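In structure tokens below, several structures.
After this come two complexes, each holding chain A, first together with chain B and then together with chain C.
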Partner chain A sequence: MARKLLKQNEKVREERAEMTDIGAPHHELSPAALNRIAAQGESKLKPDRQIHDGQYKAALPGKLIRSEGDTETGIADADTAYDAAGQVFSLFADEYGRNSLDDDGMPLVATVHHRRNYNNAFWDGKQMAYGTGDGKLFRTFLELSVVGHEMAHGVIQYSGGLLYENQSGALNESIADVFGSLTLQRGLALEAHEADWLVGRGILGPDINGAALRSMKAPGTAYSDDLLGQDPQPWHMDHFVVTTDDNGGVHINSGIPNHAFYLFATYLGGKAWEIPGRIWYHALQSLNNPMASFSDWADQTIKSANELTGNGSSEAVMLRRAWKLVGIAI
Partner chain B sequence: MCFSLNCSHHNPLNCIVPPYMLRVLELRGDEPWRIWRASY
Partner chain C sequence: MIIEIAAKGGFGGFAATGLHKTIDVDRQAAPIRQELSDAFKPDELARLSREPCGNCPDRMTYHITVTDEARHSRSFTLHEHQLPPETLDLIDQM
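And then the complex of A and B:
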């Protein structure tokens, strides 16, 4: 019996060694995903952007001012929204083989100048909308990581969704932050160690003491201001915030999975939108649990890492370590 | 339409700015209609 078990263990080790093949990179997507990308081809997936001017009113989507292929409007927010939507589309299409938010080529509808002095940007289930800010708290919302964040909410919705409350809501927010940050890093061609890992850098008003909305590198440090208070994001489960505010802390506790992604990406080094981004995207496509907890999500990312980079790969080991460091043991 | 700054009253909106950051508008003494206009 013991001899049989030893033989089995030996076989498992051999199989794992074949799969991990120390020294050789295992950065590839699954054969099915690769075939899909090859079949579609980078040049075949094209966005269909439709940018509207809300004319500072509440009605959506407003007046269509720039369609796909149109020349610049000269309206700064509209042209930035157009360019940024193209970059987000490209991240999902060229890196992950996804055809728009619904993976079926849906138009990218956005409204700029939504309401007057509106201090927010959102995805409403159908489209993106961007306020201008009141110039005091916020100066703009047309920033690449913000646009990536909002469009990622669309991808999440069409990938099975994550209920927008408590831990599943915080995952929804975190995954939107991850792909927002990855859009920016890819746009600037920054490797993980070069990126600032801020979401919404530079959008706070001129008199606000802060760098951004959130920091994935150091959650809880994005701003500290007399008016806004202190960034409340935790980075570890020991400091998980139990609250009914903010739909159960969806923008607060997202700091924990955000930091796990940051740790994983910086452990690996290189371009974070490649292996780490592919693993997160693959996990999102495989999750199939709108009420997922942080632990469920961590487990799914490990499964994805094993599928994409090989069972027992160094990537999977480092990912497990990243989750452990934020207090989520798998 | 309520004047609450809680996003849940206005779902399905996935806002990037959380309600606790916008609550300062209320503390600043802005009238409810102004908070609503500025935030939702």
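And then the complex of A and C:
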């Protein structure tokens, strides 16, 4: 216990040193949040994972096949869902001090083998569900950025929510992509310039011409395929798509805030789940506006940067620059 | 009775999801025929389509057209969570 706490303290010190290196003030997180992370540490916050087999049916959650602490089931999707849920839990717990999706230790319930040839994954308000894909359009949904994305929808829901249509819906999608990508980058220990910034890399079918579902680095370039068409994501407000499809283009226009986050993290360099991730997480906790527009959100992230890294910090300046580059002046 | 079902949306937000089915109910075996007729009764689909959505990220949308013997068609747009699991299983099974 003592050794783990020591390790945690060392980690906090290292983080502070890293931030000092790039010119950030020392109060990168509020004292309360820092104390909370230090007090809880990696040893105290533990996930309670409950993985179910949907047996290719639609009823949820299905048959419980792996609970917290159980050994591997030998069912690849179930074991991946278990491991990935642990990594997502760890991102939110160890980096942001959050105890599960509701910040109150709720069990992480997931169902694999949901329906037959099902080309989708989702968060239903209480749990995650993953199809296997039909082998043509999709080969799997058990990929870390996808799992992180779905679980982040749960975090967003319990953080006041963002109405799932038009700009607030696209923000919901974007924030889910951000934490999905951050889970993967942290899992692979990649710095911002080393990461590919793809969401759902390798999940498309073998004959689909595409690398992933979305690209935060270059929205609109993730795939170009006869069956799927061209990745429709814009990266700039000039190309904002007005549509009634997809709940008002929530998976389309999310490209704009996605790219702003990418630019910000790349300007700062280093580990994107640290300062950029903390700023995004803190903004989500303080937003309190389920109908937020892109501009409202950008404003909230700047406030969050000022609070965490100091008024007029280089981080806040870089962040304003990132938003401006995607056409959102604040 | 003919049932046409097309799905779109989901985590990828795609217009094409690989799901497009046309079911000629009269050509199905008797037990399935009854199940399909009950599950896709136009009045029932209309009722389900009025159920509230709430917060349902990444769910698919189903466009369902039911054409009766008199060639009278009715179309409905339903979110995935508005359809009972038994109906979704029927869709997958066909």
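Here is the rule we use: the second predicted complex is superposed on the first by the 303 of 330 C-alpha atoms of A that agree within 3 Å, B and C clash if a C-alpha of one lies under 4 Å from a C-alpha of the other, contacts with A are read in each partner's own complex, and residues count from 1 in each chain.
Simple rule for what comes next: contacts are C-beta pairs under 8 Å (C-beta built on N, C-alpha and C of every residue); 3 or more make two chains touch, one makes a residue touch a chain.
Everything numeric in this text was worked out from a predicted model, so none of it was measured.
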| item | value |
| --- | --- |
| Partner chain in contact with A:Lys57 - chain B first, chain C second, else both or neither | second |
| Partner chain(s) touched by A:Gln167 [first = chain B, second = chain C, both, neither] | neither |
| Which superposed partner A:Ser181 touches (first chain B, second chain C, both, neither) | neither |
| Chain B/chain C common contact set on chain A | 115-125, 134, 137-138, 141, 146, 149-150, 153, 164, 172-173, 176, 200, 213, 227-229, 232, 245-247, 250-252 |
| Chain B - residues contacting chain A, complex | 6-8, 11-22, 24-25, 28, 37-40 |
| Residues of chain A defined as touching chain B within the complex | 115-125, 134, 137-138, 141, 146, 149-150, 153, 164-165, 172-173, 176, 199-200, 213, 227-229, 232, 245-247, 250-252 |
| Residue ranges of chain A touching chain C (in the complex, touch as defined) | 56-60, 115-125, 134, 136-138, 141, 146, 149-150, 153, 157, 161, 164, 172-173, 176, 200, 213, 227-229, 232, 245-247, 249-252 |
| Touching residues on chain C, where the partner in the complex is chain A | 8-19, 53-60, 81, 85-86, 88-89, 92-93 |
